[in-house]
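Below: the structure, in structure tokens.
Going by the order they are written in, the chains are A, B, C and D; count residues from 1 in each one.
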């Protein structure tokens, strides 16, 4: 069964930097509709800074890589998504300390800790039209499907669920985050953080498949 | 997009450099992480006051750093909350031994980043109090949502708390005064045009030539309702009504009336708004004993205005009147 | 046209009413003819200073009425010189026994109307001196033309003369100081957008999305050249070069640097301009010892900036630093 | 030979109020091109105020009517045109004091004094691209053709000359007034004050013909 090595994790972070740079205007456009038009710029800036740390990741364990990424995201992203993604990686680091590769179960533990951190930090529940609308079903899907130890299969399922879940934020009225100020007018728009979260899972699947 | 900038990436730091060059007698800038502190920081033996938020709202917050107001301010990217490391370093740089008050505008990002910073400062043994400002009556409040936005009352809170800190009050006392300003202050805004976020390059929203957005925030986020352009007096009524009825202010109350420009509105128009707002306040039996008219909490070059009203008592009035010497607000010295 | 107004006809008077409501402790308004005077006018035993001009340049001039600056200001219709009867009545209302200094921006209309007012005041036995400000280097000067426009140096002249008058100098001395400010001060401006005169209802000129007007005045009048939008640093160079070489300022000179917003330009951008302007001044060996950054002489909601530089000596510096207490400029009290 | 009565003069001033109101946007448009977009508003405001004084003109001599109009223009027009037209009427009043009707020669004296006042106040010469470019040739034409005492004929000639003279300002580079700030760029535009002056003469002809 496939595992994710330290260098695969670094590749993932580098791929994310490329993806968020490419999708910068797209994500910012989503945020312009129901927020303040910075989500793309925030993600691109943050992950570019993470990718720039790649040389320091050489020969390091995944806990170190996640922790460094977390601190970098915390100090470069800003906005709501900075503390959220930062906390996610910080808690994931706690589950990967000393490890140089992650099994399906290890990754599950990281995701579980990360999603718990998102809930603790953002206090959003499913249906509030935030990234939690992606992360909560993704975690469930991953756990259900990773039980047999197949990381790629579990991520495939998680990625499918992520896309559906992101799209499912469209009709919702936001209850948390900046979009909530719009009240009813937030309905009819894709939540930017849900979309960036879905892209993150999809990229992890891409790396796992390599 | 037409702006007097070199590049969206360098905008915030270059503006900080300009501020430092212009106001070196009042403030010092620190880069990477970015923050501004008063020139004589840390001011010993008084509570230190720190605020911050996305850039694009100038003079808020950096323009309010100086004696009698903020000890430090952390500018984020345009419309993006600053990060905990900025606040942490700024907090350490301004701490004068009596604790740090964090004045936070109620946006999810700001609240979360400041929370992290507060934890870091506390871990260093620094006493911290946090007050979240949420004065925008345009947003329906509820414990199930992100709550109301922090807007105009932030300026008043920074000034009044600055006065209280300078007078030697304790951290707890200054924080309580801040909470009081938030409890007794209400705001509402309107936009005539969108603003353009530099790294986006096009207006955040499209507003037809004859329409306005009522209940706008300070980030080019859409408001609650869109309507046809109205005469200034009518717009002023639509802003004042929800403010007056929200607390509610009652006949006989003494108030401070703050008419704010969103960045692209000429002073001439702000005075037209002030004229009507003061008349409405008077018609409700309110006594407007203090005021502020100008562009103090802006949304880049957005055309529009917001009105903030704050109920005054002897304490708040005294600390509002106290001397202040900052790049953007100055009196008594 | 989107403006926070009730009607173009009532705009100027309603804004005056708003100013009076907001700043009744500093100023008094008089209507029909329209003028603003300091609250304690006439201030006895000092030279009285009167200025005025078309409206749309706020806070100039009404926002500069108060102790230490102007005794009176006459607002005309938007971008239209006020009339002699306004200046005559204002002059009588502020005359404190030591004569009246008229500070006039060099526009044909303003000069002719003030000339008539000066004659009327003199006929009443009031001593009058007139100083015409013409600091705009964008306009080629010649004795055969209307000469240069009066722009940013007007703000500096009003402040410095206000300080001199408060110090008890004679009419002749204050007028000479005013002439000195005009002789040692130079300005140049740029527009990114046009402004819209309220009674016209559409922009005065059309500027394509990627073009700017260099050498703009303060009335939406077209500038001297149109060019593609440039980075802020490049624009600052194009403004500073003609200023520095005009007098010319020379290495070692002490200067005041004033970066002004045209009404629709955010403070953030003005600091980016200030940063570069100060660097250019320094590179020329000039010592920038005083500065002013903000929107003080505007052109309605026009986006753009102007830079003014004034050579300082001990006298000008002293009267610049002197206390001032007006709606728009305040320090030392 | 025809003369202009007090009431004809009042009709002229009232006609001017209507004309400047109608042509407000047109004149302001001319001023927007090379000035500050207020000439139409200035003229309309000023002559509306003059027309509003009509009740006071009842039974008064032309000197009084001109003087009152002058003071009204001075205190309502503002800008460059206020003192110019104001001075014009003030000096014209000096030549029509006590008169209840104007012969061709009387009108010539008024025009001459008025034009002298314009020169004294504005210090512009022919060719500076101002209203003087109309008034100087108009005065010459009127004087030449009024020698035989025919007021209508002289005004007909003056009005023709006024139109040609106004149009002749188009190619000029302005030397005086706000348009001079434009330098070369002022060429190619009709001077607003020249046009309002031409309208003023034309209106006088209309009244004289009635």
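Keep in mind that, in the parts below, a residue touches a chain if its C-beta (ideal position, glycine included) is under 8 Å from a C-beta of that chain, and two chains touch if they have at least 3 such contacts.
Since the model is a prediction, treat every value here as computed from it, not as a measurement.
Peer 1: Expressed in steps between touching chains, what is the minimal separation of chain B and chain D?
Peer 2: Counted as steps through touching chains, the separation is 2.
Peer 1: If you average the CA coordinates per chain, which chain's centre is most distant from that of chain A?
Peer 2: D
Peer 1: Please compute the C-alpha centroid of chain B, do the same for chain C, then give the distance between them in whole Å.
Peer 2: Result: the chain centres lie 29 Å from each other.
Peer 1: Centroid from C-alpha atoms only, then distance chain C to chain D, rounded to Å. What do you get?
Peer 2: Result: the chain centres lie 32 Å from each other.
Peer 1: Compute the distance, rounded to whole Å, between the mean C-alpha positions of chain A and chain C.
Peer 2: So the centroids are 54 Å from each other.
Peer 1: Among line, ring, star, complete and other, which one matches the pattern of chain touches?
Peer 2: Chain contacts: open path, no cycle.
Peer 1: According to the definition already given, which pairs of chains are in contact?
Peer 2: Result of the pairwise touch check is A-B, B-C, C-D.
Peer 1: Contact residues on chain D for chain C in the complex?
Peer 2: It comes out as residues 25, 28, 32, 34-38, 41-42, 45, 74-84, 121-122, 175-178, 180-183, 185.
Peer 1: Considering the complex alone, what residue numbers of chain B touch chain C?
Peer 2: These residues of chain B touch chain C: 2-7, 11, 14-19, 21-22, 55-56, 58-59, 63, 192-193, 209-210, 212, 229, 231-233, 235, 263-276, 278-279, 291, 293, 295, 298, 300-301, 303-305, 327-328, 330-333.
Peer 1: Across the complex, what residues on chain B touch chain A?
Peer 2: Interface residues on chain B, with respect to chain A: 33, 54, 76-86, 107-109, 112-113, 115-116, 138-140, 144-146, 149, 197, 199-200, 204-205, 217, 219-222, 224.
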